[in-house]
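First, the structure itself, so that you have it in front of you.
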């Protein structure tokens, strides 16, 4: 047996009633904390991306004592900074029929009916306030000549609801949140601890009461105690080694919380982005995303014949296969991310790929629009491509390939964003809540800021209203145990002195995951992967070599701890993918497809959130059934 | 949203002279005063081409400015006081900023930086020292006459002619180097002063750089014309 | 390609550092500069030596974490490029390449090529924000912003805070960084109420951190991966002089 089934769970915080009124009701029913008491309550926020920075700033403004931690050298460097496209909001500034309800509907549908209606509706409601907040902070969104905000349609949406700042929306939003955070640091409500990594969660009497952190510069491991803990530590795409995530992105904070009792939901839901720059060789350390907007004018093709190694210009039109246009005449090159990704994989598996990649050709667009127009639209992307590959996309077609980009799964949270450990809140990509089995473009930034600015600062009050909680003695058994387990693990890693580097293990793990738990998953493949992961993990704990010591900056040691946790997560991802025998969103099971080869959902058996409990032995599955009152599940079709 | 830019006069009230921006403002304002003097001085110098009478008359006239309200040489002493104050401020700010810059990089790069900024920009400090040394010599030579072969304060034209006589080629050489140093100093200094006082557009930067270049070339040409004219016997 | 890297090794902030030469072989022209360091570190680890510590994160030129001085130039020879986006095709087989950390008193070396850039955070903390507490915002369209102002603000706001400007400046000044934020917020109507206190306080924090003063040499903008123009410093100077005309505008 790979897993056990436990009791079902339910979200007990979401109020009933008409969906439009639920967030108001929850805000009213949640208890408040007297401003004088807030000064006596300490909240730890781990991570300083959009969710973490905005939450820490807002909690600081409310008067809580906030301690903020990040592994980077500055809170401004969290990986939210790399988001390119934009942020959705149901402003309907274009009068094109958008509304809160439509954004809600699109998001539930886009998530392939594997998210909660209540959460998603709240997200759509709050989206409107996010834009106001960011503009007030001085975020320089793109504007039109009249001085009003510009919008664009993104990721195949039929309305223009995406706000953007050139191709650097994530950067600008994060800098807004970072500046708000620094303002609170100056005000003394937030203390910032950069270059600190959370390595364990401290749970006392069933409540999250602190964290164990390592000062990455001095190596000192300490316990930090508080009244509540907020994790805003992002996603786990780096389990694949190669992804569009930053090199430092890791699962350790959420995984350690999972091992302390927080359920991990839908770990197999990962998003693979179709337009990334392919690997150039075995040295590749990360993959770079190119904006999806390229598919608006570029045409995707591969040679008709397998093994055709002629230069692209030498392949005549008749011997090219514009496979997306052929298979999906209605949407053509603009099919959703998961479909475009899988199609690329399939043609490469047939041996028709260009190495690991397919062509994205602008030759027709240059003829049709003129080079100047193409340059105007995509100039900066072409430049980026040329910088990385050394090839000129005006002359030679681009090569693209899918890459892991975002993880929809994460720690299970209720409507209040509280995990199954009391006092442990999880926000942003680190939780599982809003995107179901697939995230829509420009929705990650929206969710991160919704959680951090507006949702958590309201819901956490209800929990903190019971505080301040009794002071935790640093000699308390749970605290001592957490500290000891962290230091023991560090010592063990350093003592191994084996004959393989951390990265060699990480690469190998990534390969297993990409091959068997990537774009297409099968029963056989997943079982094989689980076996391989287990033996590789054993090998890791016998043969890894971590140079240096634990009392100074030791980047190999940092990576070793993260990879050790990725091993455990990887296995759970495979178990989750194996148990979910349907295809939905980013999760494609080869056994569950329509005769045309499209993803086939199985609402009868799988309309639930799979929340996994850590037992130390086989994981235990707790199901949270999903109910759809407002959006009726339907099968997607892009033919 | 934009209000009018600050005028040079505002700077006097800057309370933050201790800040780096305040110090460079001081440099900019004092530098501009010194440049204005250089322009006036050069125009005066060119009288040498009109003839000995005109040149000497000009020198005497300088002492008579403001009479009878001001005593003899009164204006000149005011101007000297202002210039000395500007010079002291300029050198003080430069020294303070240079010391600060040195402290800001205690360990230097092992690999020498290749050239990126202009030669003029990188030689401001040593160029400034050369100019200062020259200015001291120049005053002792042609103002007080101590180092001049003639040293007749009543007939400056003769002093100048004697100074740049062909056999005293080394004086001309030193003078030329110093004037070129002034040119380089102003080519970056003038642009930098304008930037420091709030010039903040790309087009304005181009204009400022052009003006700085023209001013530098013009001043160099004006100043060098005198000794070379003496040397080749055009003035004598 | 085969290269010789002469890399600055320094054990800690107070330790003495030196350049150590390493030979790296089989470098692919498609590798990024950081991937060469990765490769070297894999080898050093297996040889029982300490790998070279260097900062990096996103490896796509936006987080600002990476940055080393390559042959005397911050971020290396390519214009508008961060170290992570610098590829080896810009070097020649047999080259000897010097790799040093950002050097500034305000950026003490943590280890090898890693420096502490916390001083930049302190400059922002001093006033690099608009005081707009969550929940207080009017509708985003309540205040139109002329496109020219919005675009200019954006240009300045693209600063990634990598610190290359400080590394390149002959005076060790962070004025380009400071000016970028002053210009970003100063060009927007939302930034007006705090415009004067912002510039005074940020310059004071800049000076307190031990950065040098600006002399408008432009070395900073030559290495800036985002091409922040030198004009932003003119804007800062202008704002500073205006704010200084009437004293006591600073918050502190």
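Residue numbering begins at 1 within each chain, and the chains themselves are lettered A, B and C in the order written.
We take it that contacts are C-beta pairs under 8 Å (C-beta built on N, C-alpha and C of every residue); 3 or more make two chains touch, one makes a residue touch a chain.
According to UniProt, the chain labels map to these proteins: A = succinate dehydrogenase; B, C = Succinate dehydrogenase.
All values reported here derive from a predicted model rather than from experimental measurement.
Taking B-C and A-C together, the pair of chains sharing more C-beta contacts is A-C. Comparing the centres of all chains, each the average of its CA atoms, the largest separation from chain B (Succinate dehydrogenase) belongs to A. One finds 62 Å separating the Cα centroids of chain A (succinate dehydrogenase) and chain B (Succinate dehydrogenase).
The geometric centre of chain B (Succinate dehydrogenase) is 36 Å away from that of chain C (Succinate dehydrogenase), both derived from CA atoms. Chain geometry summary: the mean Cα position of chain A (succinate dehydrogenase) and that of chain C (Succinate dehydrogenase) are 27 Å apart.
Residue ranges on chain C (Succinate dehydrogenase) touching chain B (Succinate dehydrogenase), taken from their complex, read 6, 8, 17, 19, 69, 71-73, 98, 100, 103-106, 149, 168, 170-173, 175, 187, 189, 192, 200, 203-204, 206-207, 210-219, 222-223, 229-238, 240-242, 244-245, 247.
Only residues 1, 3, 5-6, 10-11, 13-16, 19-25, 97, 100-101, 103-114, 116-118, 121-122, 124, 188, 191-192, 195-202, 204-205 of chain B (Succinate dehydrogenase) touch chain C (Succinate dehydrogenase) when the two sit together in their complex.
Residues 54, 57-58, 61, 72-77, 79, 81-82, 91, 93, 129, 131-138, 140-149, 165-166, 168, 171-172, 175, 178-180, 182-183, 185-186, 192, 194, 217, 244, 246-248, 280-281, 283-286, 288-289, 387-390, 453-454, 457, 499, 501, 503-504, 545, 547-548, 552-553, 555-556 of chain A (succinate dehydrogenase) touch chain C (Succinate dehydrogenase) in their complex. Taken together, the chain C (Succinate dehydrogenase) residues at the contact with chain A (succinate dehydrogenase) in this complex read 11-12, 28-32, 34-35, 38-39, 41-42, 44-46, 48-51, 53, 55-60, 62-65, 78, 81, 85, 87, 89, 110-111, 114, 116-118, 120-121, 124-126, 128-141, 143-147, 150-151, 153-154, 157-158, 160-161, 184-185, 188, 190-191.
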